[in-house]
Amino acid sequence: MVYNFKNDYTEGVHPRILETLKKTNMEQHEGYGEDRHCKEAIYLLRQKINNFNADIHFVSGGTQTNAIVISSVLKPYESVISTTSGHISTHEAGAIEHAGHKINEVESLDGKLTCKNIQSVLDAHSDEHMVKPKLVYISNATETGTFYKKNELEALSIFCKSKGLLLYLDGARIGSALCSQDNDLTLAQLSQWVDVFYIGGTKNGAMLGEAILIINDNLKENFRFHLKQKGALLAKSRIFGIQFVELFKDDLFFRLAEHANAMALKLSRSIEKMGYQFISKSTTNQIFPIFKQNLINRLSKKYGFYVWKNVDDQHSAIRLVTSWATKEEAIDRFITDVKVDF
Amino acid sequence: MVYNFKNDYTEGVHPRILETLKKTNMEQHEGYGEDRHCKEAIYLLRQKINNFNADIHFVSGGTQTNAIVISSVLKPYESVISTTSGHISTHEAGAIEHAGHKINEVESLDGKLTCKNIQSVLDAHSDEHMVKPKLVYISNATETGTFYKKNELEALSIFCKSKGLLLYLDGARIGSALCSQDNDLTLAQLSQWVDVFYIGGTKNGAMLGEAILIINDNLKENFRFHLKQKGALLAKSRIFGIQFVELFKDDLFFRLAEHANAMALKLSRSIEKMGYQFISKSTTNQIFPIFKQNLINRLSKKYGFYVWKNVDDQHSAIRLVTSWATKEEAIDRFITDVKVDF
Amino acid sequence: MVYNFKNDYTEGVHPRILETLKKTNMEQHEGYGEDRHCKEAIYLLRQKINNFNADIHFVSGGTQTNAIVISSVLKPYESVISTTSGHISTHEAGAIEHAGHKINEVESLDGKLTCKNIQSVLDAHSDEHMVKPKLVYISNATETGTFYKKNELEALSIFCKSKGLLLYLDGARIGSALCSQDNDLTLAQLSQWVDVFYIGGTKNGAMLGEAILIINDNLKENFRFHLKQKGALLAKSRIFGIQFVELFKDDLFFRLAEHANAMALKLSRSIEKMGYQFISKSTTNQIFPIFKQNLINRLSKKYGFYVWKNVDDQHSAIRLVTSWATKEEAIDRFITDVKVDF
Amino acid sequence: MVYNFKNDYTEGVHPRILETLKKTNMEQHEGYGEDRHCKEAIYLLRQKINNFNADIHFVSGGTQTNAIVISSVLKPYESVISTTSGHISTHEAGAIEHAGHKINEVESLDGKLTCKNIQSVLDAHSDEHMVKPKLVYISNATETGTFYKKNELEALSIFCKSKGLLLYLDGARIGSALCSQDNDLTLAQLSQWVDVFYIGGTKNGAMLGEAILIINDNLKENFRFHLKQKGALLAKSRIFGIQFVELFKDDLFFRLAEHANAMALKLSRSIEKMGYQFISKSTTNQIFPIFKQNLINRLSKKYGFYVWKNVDDQHSAIRLVTSWATKEEAIDRFITDVKVDF
């Protein structure tokens, strides 16, 4: 029986959510986000970010969220700046370009974007023969397991404002980022420094669902038209509402992320102690140790994971992802199985 | 306490689905349609249509399904023919045009499309200064509660083939259509006469989910790229698989539709007996009685429904929708409340 | 030798334009609209409309102009209202839908749009499940040869403003409209009542070129980005500048249109005198007489024209188009050839 | 009086074209590419490439051509591979992305694409979570003045075929490329190794116009619908026909390119002799010498050119472009003005 470390959406949904789905199942509700549960979830999220002015909408998945947010923000000739490893750059089948917008991609070793990166794009764009960069896309946690510190996000925010750029944060793994042991940022602070962001449910205990939080007033108008036109207005929206209420009414969301992080930390510390290197310094729920090929082959018989990157002829980095559902005994077993080789 | 006849997605999900979600919750699965439950659901659906060659994919909602199917089928300059009351024509916020395609709309009193309708569109399109009609869109059941008889669908199918047109059937309410007392068509027959269609879960007992069945080989290639690019590839696809297995492993899907139809029939027969007219002759789960304004006002205090169309100064048609979850006592109460006026 | 009444772009270009092209040919100029001739043309046009605040751009053709203007004005979920006979509705191969926008088409017998037409579209659109009508498209002259009187355009303008709609006038044949004997509108007045419009050169003596005049400040920003992105920023823009200077520096534009109208009027009066009917009452450069089939057959051996519409089994309306280049002897010959039948 | 080396579209049009426009001006012609001159031009071009099977269409400009060709070739999820310096990558205001397609950009020092570049993109794209690379875009001459040798183009062609990729050549400056002193490729050979390409008129003596030559049968169907929908079907298409007939009936096109190249060569040799470096080794009509800032400042008072790239604190590369209309005395003067500094 193979144990799966491939993803953080490998198991179903936190059991408490299933219980509430059952309990409320025969209630009659309006659809498309107008139900009582969505309203309660919106209230809770506004409370969490301490901003009762934010517009909040729920959507099924991350690619859909990114495409809708970005295309709702940009005019046809405007572009979005992202790292080359950004989810929108490589892992969304061209959804952003399909929506009509160029992504100005910049290289970044640790998956994070800096003011300098952004400035280099601005410098290269001068007139109407080129696109007009307008939106900055960052993910927190990033696709390589790193996250933004308070001062880094603040600097980006100030820089973007000074340049007339908008800042969008992809929070598919925001739980893991904010629960990292080295994190010094709160959800409320984060929300003040971006124009729009989303809180990912799918990768932190929900069966599906991402919450879009629009902070900047200029981006709010008629957002539901965008949602409907892109096929994102779910008929039985109660499913979103119920899940986000359960996740946020008593901070279950953060406890789940803490568990995922703790499991990843146990893995990474043990692997590090054995002398292995990593391709990025991650304290979130994705880690990328570098192993010899024959160790990878052996592990792959008992565990599911992706080979992320060839490092040299005999070594590759693999990606190990933990989640709210990861069992500690699986971590222990994996560590033991690596040790055998040691 | 208002009882809601507004929609067939007012309650949650058939309880058996919740049970199976719970039972399978901690199983580890691949995502994006590669899980065991989706595979089982695909097997069951292929069996139902007696075609093991069909490609089957699952998507969250109807608008998304229509946009993806239609844009995957058409070249940029090709158009889709639909009735003006077709869901894609009016109730999808321009999703088809947003995907780049004109809808050639034709008037239809009963919501059904005929060969003559299609021919009139072909006659009006001659050269490259106009769009090129390529796809025919029908819904079954239609938006006005009618459905296609066997000979009608066969005629459309033969006509389309003879004209080089493709035929797509929107089955958001296909359960109700196929379980109508006057229906003479099976799911397997229907599937032979279209190039692609979808079976709607959301409006017949699922919490979300529509199954796209691609019959025509030419439309199958790389369909998953379309799904991903449009943000429709759900991470925890097991949710789709589990639901469609439950709905089709013992024909629960049809039993639920039969219940919805029975409830609508009881309503419409009783209302008809009292001498009221309807704007369409429906034997599916949507009925459209014409009431006086003051009766409508009175009913609206106790029941949720949409006023569909003004008929004259003092009369309007309302829409009453029943579902798998509609309670017979609510029907009885409604009939009594209409009678009071009588 | 067949004489062609098919179109108003059958001959080349007014000879004076060729002369100026030759005279200025070896001048060195910046491209993309930054040349001296474009600047002079813009100055002249601003003078004509008595508005030095208008933004003016030049584009190669009408379909391109319509697609760019409309998509620059609308947000993704917004739609444009037009008659079914509007050029954008039927004769642009779906260019507007390709740009992502639904056209709300309304029937109109004379090709003109009324406030009532517009209100009927507004009434039918209530929420985010439908598109949001935002722009009103009219052509002047219309596709059936009619044109807007002063009070009609003023009424549309006031109505649109009161409803938060924008008004766009397609002036592919604006010369002919403003030079109709019954016209009571000036170019300057017209420009005050619309948000944006274009003056068509191609159909009134230019070899190619339409001038877009943006009146409403909100529609001006970054318009050149739209032009470039849609491939409409011509490298040797001097061609546009030179032509519009020649056409407007001494009102040649209007004299050409007057000639076209005079030729059409001579045709229509003579035909009318012989007792023939027309499908529309036109005093512009397109007329639509109804002839018997055998007369049409006979005429088609000596003249080029389109059969526009079948009227009954034995009669059809044909379209005859005159232009700046139409020769009076061809008109006389045509009349004689019709008379033979008489 | 500043002499302009900014572009190859600074002057008007070759005088012989103006003569023919005048001579044929009052001929009556069908529009939209159906005129006699277009037909003759198509015949001549087919003869030149020795392929009477090629489909040929005329379009106003290069950005429009690239957007139409690329979007007509690709399915929504397919991408195009280009160098970062490719015209479509940076200088078309995102027109390709606006048409829905990602450009997979690869770095290239000399502006040329290699099989290795392409393979690196293929290696990075594995499944439906990413776009599917399908088309290879090259420009000849490139944006940095280099061009493809016979064996290089042949290698690309064979490689593309072996990988199921299509090859598209942007010939905005194809005249200059094929007339370079080091060129060993004929137009006919080139046409055999690509699936589709275009011959640029605008930058080699025409007032506007690019000829699209579709070689691969699979790309031909309904191409005129694409042209119309994108606003590229010009009413008075005779302008295209007349120009391409003049340019190709006696190889004027190549003589004009030879002149442009000769002027550039004289410039580059003289500058090289003075010991200056260039950022690319160009034998076409664009050269990029590296000058000190104060020399650049001085030259800019007498000549128009773009500063292309900062090389270090005190040096920049400038771009000098010659054309069919460049006067040898201007070249001589420029050389003298550089020498002063020497």
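Labels for the chains are A, B, C and D, by order of writing; each one numbers its residues from 1.
Keep this in mind: a residue touches a chain if its C-beta (ideal position, glycine included) is under 8 Å from a C-beta of that chain, and two chains touch if they have at least 3 such contacts.
Everything numeric in this text was worked out from a predicted model, so none of it was measured.
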Most remote chain, CA-based centroid, reference being chain A: C
More contacts between chains, C-D or B-C: C-D
Where chain B and chain D are represented by their mean Cα positions, the distance between them in whole Å: 51
Inter-centroid spacing, chain C versus chain B (mean Cα positions, whole Å): 42
Inter-centroid spacing, chain D versus chain C (mean Cα positions, whole Å): 34
For chain C, residues contacting two or more additional chains: 76-77, 92-94, 98, 128-129, 131, 225, 228-229, 233
Interfacial residue positions of chain C with respect to chain A in the complex: 32, 71-72, 75-77, 128-129, 131-132, 222, 224-229, 233
Chain A contact footprint on chain D (complex, rising order): 76-77, 79, 90-94, 97-103, 105, 124, 128-131
Chain B residues within the chain A interface of the complex: 3-4, 6-7, 9-13, 15, 18, 21-22, 24-31, 60-68, 92-95, 98, 202-203, 207-208, 225, 228-236, 238-239, 304, 325
